[in-house]
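Quick one: the structure is below, and I'll ask about it shortly.
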């Protein structure tokens, strides 16, 4: 059940039996010479929607499509929230979903650069309750799609070299599976991009001139993407089921 | 050119000739017994994407899908930002797009409840420059899709009674044109919903028990939606072209 | 009853029977070559105080004299709050007045540029309650003095041409009625000022070199101002009475 | 020259020779059984306007009429900003006035409870410059009207007992001089109010049931108020002149 | 009992009988040619820890070591919070300590430049309660160590000339008593530093080239510091006892 | 060179050759039945100060002693900043240190719960520069003391079982080495504490009743702590040297 394609009475009815909602969350940022700018929010959306197709009881929120991508701002098309803005926005999403009675809010994340800020936001939200000695009416969980049980190993096996950290062949492949008409190609030098620390945008562009970090995205193909999605979907459904079943102390 | 389905070199190249970007912006909120929760962000997305199909030089950002919908929070599935959060997020989108060299940022809005906060945000952004006696490198414009030249008159003619202000047959029709398999129906009493002031969420639900304001959305049909889209697309392209051509003093 | 000229026991006693308070709110900003910088806060103050003279049971708060005027900052004497500051300040006024038991807080506004931010603030205030599923103990209303029933038509009739949008003859006239010794004159070219979009301060000054928008304020006179006040006062009293009598659902 | 009763070209012209502006600043809060709620903003306004009458070159801003009065909120009619809001608002006033070229911004304060927050705001404003190793284009000064050279001694002599700290006979007298038709009376027990620490609003009301602290305001009279004003006006003009003449290192 | 050197069960047990906590608070900022940068947080820490040695029932929090020192930023080693940050941090300390059941929170301050912001913070904290007509579960007190009863007089007697306002011989002496191996010396011209207003960092450095204000810190000695500490400790214990014993109305 | 025990001319002189500063940062929070509440800020302080003793050219800032510990608030003595406050405070520390010319700011962290917020803060700081296409004048680095090269392996070898995640024997041992007179003991059941997710304070206390997570801190001893410090100090000096030597692109 995709919230944005449902009516409110439909969500109302579903809330009688389902208290868990999945929020695909990512970023809109450069993904090397061939990757889609939307890669990091498309991947969790693709996987979550595919899971919802398999199990219609899964409630999926609209995709939170802009995250923390300040380091990519020297590349055209990147849109970033400051961490403080990102925190405020996530907080309001949680307040909204929690108010409707969702007791488990599961963020399926597609961008490594979001992790720290999302976790800081969880702490900010929990702190409101911790300071006043009350329990929040919900539990929050962050899961990167590549950290779904088994997925990372599967991707590593598929791309033993040149997987890297940004514009990885696995994420590019997932988007290619969903948008096969948009497969792009380019000459990339070096074949496997360099690695290094991540700081501000100009530092980033100087270190990683075409945007990739440690990756060789040309290994991606729609078929490989389909296999990754096929691995991720059951892992997601199982992970969400376990989170839903978790008994709070 | 949809930013999220492009690579950064493609946007980079396009910025050599195009300095305008269209941002579909809306809200995820209840739309009566039959309307999709995503209606207000789907409508500007549908229209902007249709325009981009006609004119590939149009640069369209990802859709800003959560807006100011606090008054709808008593209906399941609504997600709202507080106005202050909304302002911070729009500001960061503008900072990001402006940094890449977009000099005209055009928000195609799908939610009346967003208007005040978006305008307040424009003032907040401009104020940063006004206080220091400098010019901003961009101009901002807000346009509700129903206020595109000719569109409102067209919709009024199509729905002479029961158009109303929320869950209108015209917006429902636009989503039906794009998602014809999701046309929903319900018995609605009264046929045309009541009108009244908008305040907090519980006040809203007490006044408008099924969510509609002044509307009879059952008049909508995919075909009517198609006609509205067909009216809106050229109006949008013309409006954007005029904004792009505007010479700043 | 003007709050600032009353003692607390007097307000305390009045609150036993009156739950409504009127807050004159405006802006301190340039009003063309002849208009007073205080025009936009003086007008609602003049009208509200005149109404209170007719009906001493009307409770009037001190005037909120600085609003959102960033676009006028290129003209000396303008003082502006950023929208975010304006929102915080209005919120605190409302919290203060609401705490005393005022259940209807009516903002009589004198500045078009304030409207978006005031409405966004109302939403910000209501959102605090909407997120926690509670009712606020007050209702808020914004009314521009020129939108008081009948007033705009009256002004249009009085000034069929050259009324314009800023430094209008009607607002200038209202201040002249109250401060007849301060009637100023100047040569203005063109007689009727140009119109155009409102953006940042330097853009504004380039478009509207003497500060006016679309207006010919030399048509103003103290006598005309008196007539406008005489039209606005009963309209205000009636509007406030209706707001006070409104039954919340 | 009162800014709000001037046109922008008049302020523009005055700025050629005068770089100093006086901002009357106070609070709207209970002042005991007989004091006006506006006492703390009326006093600096009365004194500053009287000074401007004597010396028309004195530039006086509109009165900043709502300050930090959280401790008075248990008494009807009090309106308070949170300190953080107060800071944001003062900052915007300073940004606005500084932008026009005022190089000396002098706050004539009428409320002891404002002092800490105004000083913290000055530090907040200066910090923006201190962090980036630049000089601000203005200097800020805070002066309580009773601390104008000679005024405190004069008041102490006039009211050797029962002057106290809140709802003092001197401030009540100043308002009586300006609004003699509003002199109010009441039986007060004890004649001289108690003293004690200031904390939150309920604590305050429990300690100081009628609102006064340490004072016997019935000693006030319009004539005494006139004498205080006559003492304060030349002291203000001299103090402002010295501030204007101060050479920054 | 120093909180940071205790276990939570020890604090838990102590809270059964003691509801007061002392928070040493200061600043890390230049203190002239010879003073330690930590002087202003070391002094209250030294005094509070000495008091705790005499009376183990005194609960002392970790030292809040960075305060409001924007005016010292032109001198290397100074670290400053903006007042708004300082306020947020103090608020969180108070929320944390109040949550554990501390009903009296006593800030022993070592930096005059902190006073305004700490007082503004107290008002910000109290305002949260005042706006909602509730009592806070704690009372807050600020005491500068030199304002402990008798201490200022003692220091003035010890240093009849050249005590000054910054890098005073008394504060330097207190640190010398605790860190006698760190006594530093330097030639200072003039012997007694100038005085003047405090504004931004560059203004400060221009007025006070070596950092001192009005002081001759070379009069300090470890022995004099020991005497000051010996005077301050019993004064602190008595002051805290009185605060603890105060009955709230 | 410890900043707080130095004078400003000493830091000024050192800045001619050293551009790196180490900031010990931690948290004040419960550490199980026997651990000191200050453990997480004491550990990095102990290690950094020991390193400074070996190499006096190391510049060490005062210890940032309160971090993000909302989940520990159900245990007495814990003091926590909200993440947003923590971010503001770190930002001001960085602004202060960066203003003096420190080009490498190295945070030696002692609390796992701080990591997300510190990283989000780095992004917030960098974003200010990324949005305006400028380079920051400093690089930031976060290093947990147990992640110093070789240290984690050393601790794991020392405590093959029962190391756990909170109130670990290694951190307890480090504080015991520095404060051997404060070694505490207690009966702990179970010997090795349970593990689980970290959420709000009440959830935490329900899962981890005595505060420990996965650890058996009774294995700690001062001697073991000394060995850990001896391993960490050279690792820190080497790590800082490499960071200082890093050439920015």
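Letters are used for the chains, namely A, B, C, D, E and F, taken in the order the chains are written, and counting of residues starts over at 1 for each.
The definition used in the following text is that a residue touches a chain if its C-beta (ideal position, glycine included) is under 8 Å from a C-beta of that chain, and two chains touch if they have at least 3 such contacts.
Because the structure is a prediction, the values reported are computed rather than measured.
Looking at chain B and chain F, the chains that touch each of them are A, D. Touching chain A and chain E together: C, F.
Think of each touching pair as a link: the shortest run of links from chain B to chain E has 2 of them. Taking each chain's centre as the mean of its CA atoms, A is the chain most distant from chain D. Seen from the C-alpha centroid of chain B, the farthest chain centroid is that of E. Both copies, chain C and chain D, contribute mostly matching positions to the interface they share, with over half of the numbers common to the two. One simple way to say how far apart two chains are is to compare their mean CA positions; for chain D and chain E this gives 30 Å. Per-chain Cα centroids separate chain A from chain D by 54 Å. In chain C, the residues touching two or more other chains are 73, 80, 82, 84, 96, 99, 131, 133. Contacts between chains form some other arrangement here, matching none of path, ring, star or all-to-all. If you check each pair of chains against the touch rule, the ones that pass are A-B, A-C, A-E, A-F, B-C, B-D, B-F, C-D, C-E, D-E, D-F, E-F.
The residues of chain A lying in touch with chain B in their complex are 3-9, 11-12, 15, 28, 30-38, 41-42, 61-66, 73, 75-82, 84-85, 88-89, 91-93, 96-97, 99-101, 179, 182, 184, 186, 211.
Note for the complex: chain F touches chain B at residues 131-133. Of all residues in chain E, those touching chain D in their complex are 68, 70-71, 73-74, 80, 82-84, 87, 113, 115-117, 119-124, 126-127, 129-131, 133-136, 139-140, 199-203, 206-207, 248-249. Residue ranges on chain E touching chain A, taken from their complex, read 95-96, 99.
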